[in-house]
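Several structures are given next for inspection.
Shared chain: chain A. Partners: chain B in the first complex, chain C in the second.
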Partner chain A sequence: MKRRTFLQLGTIIAASAVLDGCRSKNEQLIPYLIPPDEGVTPGKGTYYASSCNACPAGCGILVRVSEGRAKKIEGNPDHPINRGKLCARGQAIVQELYHPDRVPHPLKRNGPRGSGAFTRISWQEGIGLLADKLKALQREQNTNGLALLTPHLRGTLAELTSRFMRTFGSTNHVSYELLTPDLLRAAARRSFGHPSLPYYDIAETRYLLSFGADFVENHLSPVKYGSAFGQMRQGRDTVRGHFTYVGGRMSLTAASADRWMPAKPGSEGALALGMARLILAESLYDSGALAANGLEAKKLLAALDRYDLPRVTQLSGLPQGAIAEVAREFASTRPALALAGEMVAFQSNGPESVRAVHLLNLLVGSLNRPGGIYPDAGFPSGPENSFAELLALIETMHGGNVKVAMIHGDPLYSVPPATGFHDALAKVPFIVSFSSLLDDTALHADLVLPDHAALESWGDVIPVAGTREPVVGLMQPVVEPLFDTRQFPEVLLATAHELGGRMAAALPDESYLELLKGAIRKQAGLEAGVDFEATWVDLLQHGGSFKGKSSKLTGYRWGSDAPPPLPEDPDFAGDPKTYPFHLIVYPSTAFYDGRGAPYPWLQQLPDPMTTVVWGSWVEINPETAAELGIGFGDLVEVTSPQGTLRLPAVVYPGIRPDMVAVPLGQGHGGMGRYAQGQGVNPLALVARQGTKQQPAWNATRVRITRISGKGELVTAGHPQGSLRSELVEI
Partner chain B sequence: MNKVRLIIGLAIVTVAIVAASVLLYILPLDVRDHSPVQPLRFSHKLHAGDNGIHCLFCHSYALKSPAAGIPSMEECRACHLFISPNAPEIKKLMKYWEKREPIPWVRVYSLPDFVYFPHMMHVRAKLPCAACHGEVATMERITRSASLKMGWCLNCHQKHKASIDCWTCHK
Partner chain C sequence: MEKMTSQYRWGMVVDLDRCTGCGACVVACQAENNVAICGKKEISEGRNMHWLRIERFWVGKYPDVRARFLPVLCQHCQDAPCEPVCPVYASYHNPDGLNGQVYNRCVGTRYCGNNCPYAVRVFNFYNHEWPKPLDNQLSPDMTVRTRGVMEKCTFCVQRIRRAKEDAKSENRAIRDGEIQPACAQTCPTDALVFGNMADPRSRVAILSRSPRRFRLLEHLGTHPSIYYLKGGGREHV
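Up next is the complex of A and B:
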């Protein structure tokens, strides 16, 4: 062959190969083997109303299902909490259903704890195993050897779990969540005599003063308050509400404010009292409101005597003029509303600081007024110090008195190790997890009885702190269960039946659906002769019962025996010389307290303030960073009296120079392929000081050292304060 | 001399590449098979033509769904348990059924993802199936008779005074 012919041939072959690549292939058309049921039309969506349980806010959702698959979730326009809106976390729960690492069937451990070595067992065997352990406890007359640890449950499920534990004869039933608003309840109890959470009428207020309440991202009911905030700013023709944020770190909420007051951590309560004192001293208060609450201005002023401006200026580290200005604005604009959030509550002096903010609302007459604060009617009473209950349980477990622990949720991740929970749990001989992904807790369990995904479950969802009327949202399965899983309450019922005797008699329902329907029927209070089935179908169609009777709760009134709030000086774990910085752990926008981490949509969501995607980071003020020689994206080591973590630094101007902040939610040891090994869990740093039975997650001091220039930080853009350009970009 | 040759050569190569790219862009590169061989020799002529079965009998979702749908295996089988069960192609069908495998039919008509085409609206507007799918009743094996290009869609929409707003099809 001549050289020329060879080249020609080669070119032709190459060209045809390239052209063949452009050729689009005929697709295949796969028929059903057996046609789907009546009501399923291929290519056409059906919408089901349900409720979101990704956080306690309990928004209503509409799920589009086509060909028997859940495709898209949006907010339910009829639901009084979210009115058709929905946050990213709610949108992402469809990925819980289709997560590739879901536990498809019950598992029994066959290797060392934490190794993830499990064998498949049947449900009969799984429930039999659990029932055998419980029967053994009954035989030994040691029913208190059973512990149940769940997140805060509400409605029928709470009723079922407590009935299960009560009848079994165990008092070790703890409902615990990291970001629980317990302290808000405890503060309300001390100030007003009843422990209801606040409902803020943000939409109607004209001056909003938030003490560390990040209501746009995660405080209580973020979708509700996010849209109310929009209403307050732009919804009225003549007024644009003013917003001042107090808190050492600029969150997304703080970034939406007109004025940012970066007070020293732990000084927020003193600052509120300083403002209250100024309002009293300058007679800017609402005298009618004071009289109605049985308070006297003179006495109150005397009680707050210590909080004069110079002292508050020194405590909070804010300019004196700004404090006085905000206090006067707050008092002279009506209606005005002050909120207290997690940044304040999770300090050592949290409850009293929250009460100081209550006092501000009282002084300007914003209790039970439009544009003010009302008691939440949705779920008026709840745990007031579940952390103390958790500590008691840890004590019991440590003493080896818990033989069987049934755990829903992932406490091994979300309880800070400083509480000793990890060691205590290791002493429990038999751990049952109900997780649908192999999370940290499930990996250490002896038996995994996987729960349904939310979109496969029945339930009632009672929203927290978002309404003035009682609202019950309903959850219904929108698809057939994908795997051989069972809903947690169904497992409890089946176990009770297996145990027989008193347990079976106390929990006679065949299924959770039956129990739920019974509970809803009781709530509806139907007259005899009315067809409940029709009501039930109607409720399911609309997503729940939204026309609750108006609340029986009386409004807030300052308790006659309530002392004036006097927060003590904040107390921090760690010596200021060795550990010069305050550590703030804040719930991340995407993951909340970590339960959003397994979903890739949320993992891909850049943080709204720093634009960081994937992993964890620590936010450091540029001044501090320059002093320590830390650049944007450097790897640093954060050390607290409790532990040490390595993570990349984000040089962030929106934080006090004496403070560093790490987002919560990453650093899972398990929880599926998307969460596992991503970032670090900042709870490893959180220390406890003294014997205080109070969750002071933001009262730890740390020190920072630069390790190297390779932090492997990924950002979606050039955030403000970026000092280096050689970052990995996407 | 050599330099000039090199320059001319390079110029020719550049022009050729540009021309090829332009050609690739203009040429109708839809080289999908218009009449692909199907895994089973199913005859539309026999079913829809000779026996006069209505299109919607098998493609039953066309009236109420964007997708017309194809009959499930169970539906094929239900008839053919009794109708010519011994024909070789029917035996093939039954083999698929026994193996619990769907027949991997080759798709003839397909639109890109960015086009929203609802069958039900067209059927309800009394457009005959043959307007797009050709005289299926005379075809042994289905052959695509329309180009399925946007111009072809628009022509018909204009003729029938249907909306030609972008959002009608691209949503």
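Up next is the complex of A and C:
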């Protein structure tokens, strides 16, 4: 032992003898003051695996439950979509369960529609009322008088609802969501012959080119692709993937890009084709890939003749040099990946523009390759134009042919009034809502049969996208139901039972759980004699079945009869002189299409780009704002051919001067104390494009007028950031 | 005042090249730590209770404009300006390098908050409510703070305690990655990494030696436990 070590040891021993185990000066100075656990008693929690249904991505969750109450939602590390990660919206669904304004029992309307005057009734009475109406339809031989409107359903619930409607004899079953990826499916069908959504291998790519695909906040599977984006940037030792974003508004996703290209709205497809033409003309394409897809460079070049650089420059409003540079970078960096998202699809020429982006992927050989795109196996064939179905239903309702409408979700909020849905629904004599909060639709309903919260429900959750293997997530109740509510499928089963006859025979299951277990059992394909209970418990513990067989999809191949994508010039509602600005409505990071609005955590979450809390706003370019005399937080009036809204202005450096943007998600007439009366619903401004049966939510023009300096805008941070950016070296 | 009386020195690395500013960490923190729900009025007074915020900076002008995100939470400074000013030792330094706050000792002078250059301490100017049955979501691990108390990020000390107990019962040291504060656990892009800085082989220590590292307001000499890694992009490569 060295002399120094000996002395040190000696000192320590002496000190411990004197100080009786005290370890640091802090504790000598303030003995007793520091409680042993800093006032913290770590309790033991139980974790239950379930699935999130806050958006179609279908992430796996673990819910921490202690003392019989759900406390905290975390990502399920075993789930192939989110791998233990979770977004803000997913974590907030615990507030759906414990929302103070939940509908605690069935309600019957006893005042004018929309007044919110309801009386409490029992479940027996509620289901009896519904069954009576349905029986009347059966007696009148008018079974088509029943309509069912739901969000896009997948798995057992989808099957149950369609069996219910089919057996009843009604064809009026419409699944509708505002932000549905239908158009992406339709485009894939046209290019590749099957409607599978793309799966992006972002993690392995070296050059990411996004055309309006906001994969960080809402595009298809945000947690999955957010995670892949982190990998792409810093997950590999020597490669940092490059990211270019094309779109007139700098979205949250675009904020992470290395290069932002603010193209004119509706010009994205032409821009992609301009790049494709340049890649072909300069022979930068992957000739093997072209041959494998049965395409000829010469023919293709001739087909894209119109998209020469000067014309594309003029159409997109971007510098010519930048377009050429990005095209060359995209073609010369392998693997490269191009995405097309909702901001492109919801233009009048959306589907063809999406196909133009498919062509870019094909040219650089990124189809079915690591770092490229694959057909997604999550839910390979889904609806391709549910908007047309919705329009047909609206027509039927207008004609007074719908007598009973059963509605899950809040279409009075999420269907743009320009479709005529609001007037049409008013003509339906009996509306049943299954909402767990009194949202706009429930307020207009005659009967409210409240659904369970997600954390009280059984179910299977099939992710819409984000996986190359089939994934079935399971939802299980993690707590006892809080109120006298019933799960939507249970109500359908009970109603079928009440109706008797064919309905009861077609839907014989006692409970939804039984039906679900049967479906899962079938999927598992167990041999006879194997105990299913053990498998079932195992599946519940892990949150679902993630070992699905590899996708049978062969991969994307350009269809032999697929024409080259040729997007027409974009078409906008409203004349440019009266309405000088393009209106962009985009899903807000916190609320998605409005489903997140009732949860106070999300209301309080500052919008990442503007830091606005508890409200809506309209984003205006600083130059435009100065011209119009609009300051940060001023109240402005936005007028479109369809409607007028008043809301505060945010002077936003990341938007084209000829564009304004309003986030979706606020402006609910109901939905509980936290959502009601916060902000405005920009869908009131969206106009329709003639008779086109295509959702073009971003093809409306507006004008803007300053009203006053009192916009009552509240931001959590200083508009420029609270710390001086040069000081924090950012 | 670095005293290595513990084998742990908790620290964090925030990779700004991964961070997309999505806000998942903000909600995770609020859910884990019973952080109060603040209404519009309270936030308009600058009294938001979030322990973790994401600063957004606009750099440049249209069309060459960029938005940069910076998650700011308590930096757990080794020379913390908030500690020496507390008259009642509510703000103190624990042996693991955490900058602790003892709520039932706090008398609400707000000296610590005023002295914090990062503005990450939040004061309960009001009593906050969780209208029934929303109160069911409150975590029993954490005290619910009342009016007049200063509160702040603890690196989820309740999770650290739990891991320490587990490790002690198995007679081992805490493994790298065993503890994750709620923010780091949920971060979709893995931008937040937490761990033991005293272990040179831990993931967080390795990352903190990156050439992209910097610390927030480093010139103030507070020696934060959080390292930021600069974002990439053309102007930074």
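FYI, the second predicted complex is superposed on the first by the 676 of 730 C-alpha atoms of A that agree within 3 Å, B and C clash if a C-alpha of one lies under 4 Å from a C-alpha of the other, contacts with A are read in each partner's own complex, and residues count from 1 in each chain.
The definition used in the following text is that contacts are C-beta pairs under 8 Å (C-beta built on N, C-alpha and C of every residue); 3 or more make two chains touch, one makes a residue touch a chain.
In this text, all values refer to a predicted model and were calculated from it rather than measured experimentally.
Of the two partners chain B and chain C, it is C that touches the larger number of chain A residues.
Within the superposed three-chain model, A:T238 lies out of touch with both chain B and chain C [touch as defined at top].
In the superposition on chain A, A:Q141 contacts neither chain B nor chain C. Of the two partner chains, chain C is the only one that A:P606 touches; chain B does not reach it. Of the two partner chains, chain C is the only one that A:M250 touches; chain B does not reach it.
When the two complexes are superposed on chain A, the residues of chain A that touch both chain B and chain C are 23-26, 29-30, 33-35, 41-43. For chain A in complex with chain C, the residues that touch the partner chain are 23-26, 29-30, 33-35, 37-43, 66-67, 69-75, 82, 84-88, 91-92, 94-95, 97-100, 216-217, 222-223, 226-227, 229-231, 233-235, 240, 250, 252-253, 255-256, 258-260, 262, 482, 589-590, 600-602, 604-606, 608-611, 613-615, 621-623, 653-657, 714, 716-717, 720-723, 725, 727-730.
Contacts from chain C toward chain A in the complex involve residues 3, 5, 15-18, 20-24, 26-28, 30-32, 37-40, 43-44, 48, 50, 53-63, 65-70, 72, 89, 92-95, 100, 102-105, 118-119, 131-143, 154, 157-159, 161-162, 165, 182, 185-191, 214, 216-217, 230-234. By the touch rule above, chain A contacts chain B in their complex via residues 22-35, 41-44. Within the complex formed with chain A, the chain B residues making contact are 24, 29-33, 36, 61, 64-67, 69-75, 97, 100, 102-108, 110.
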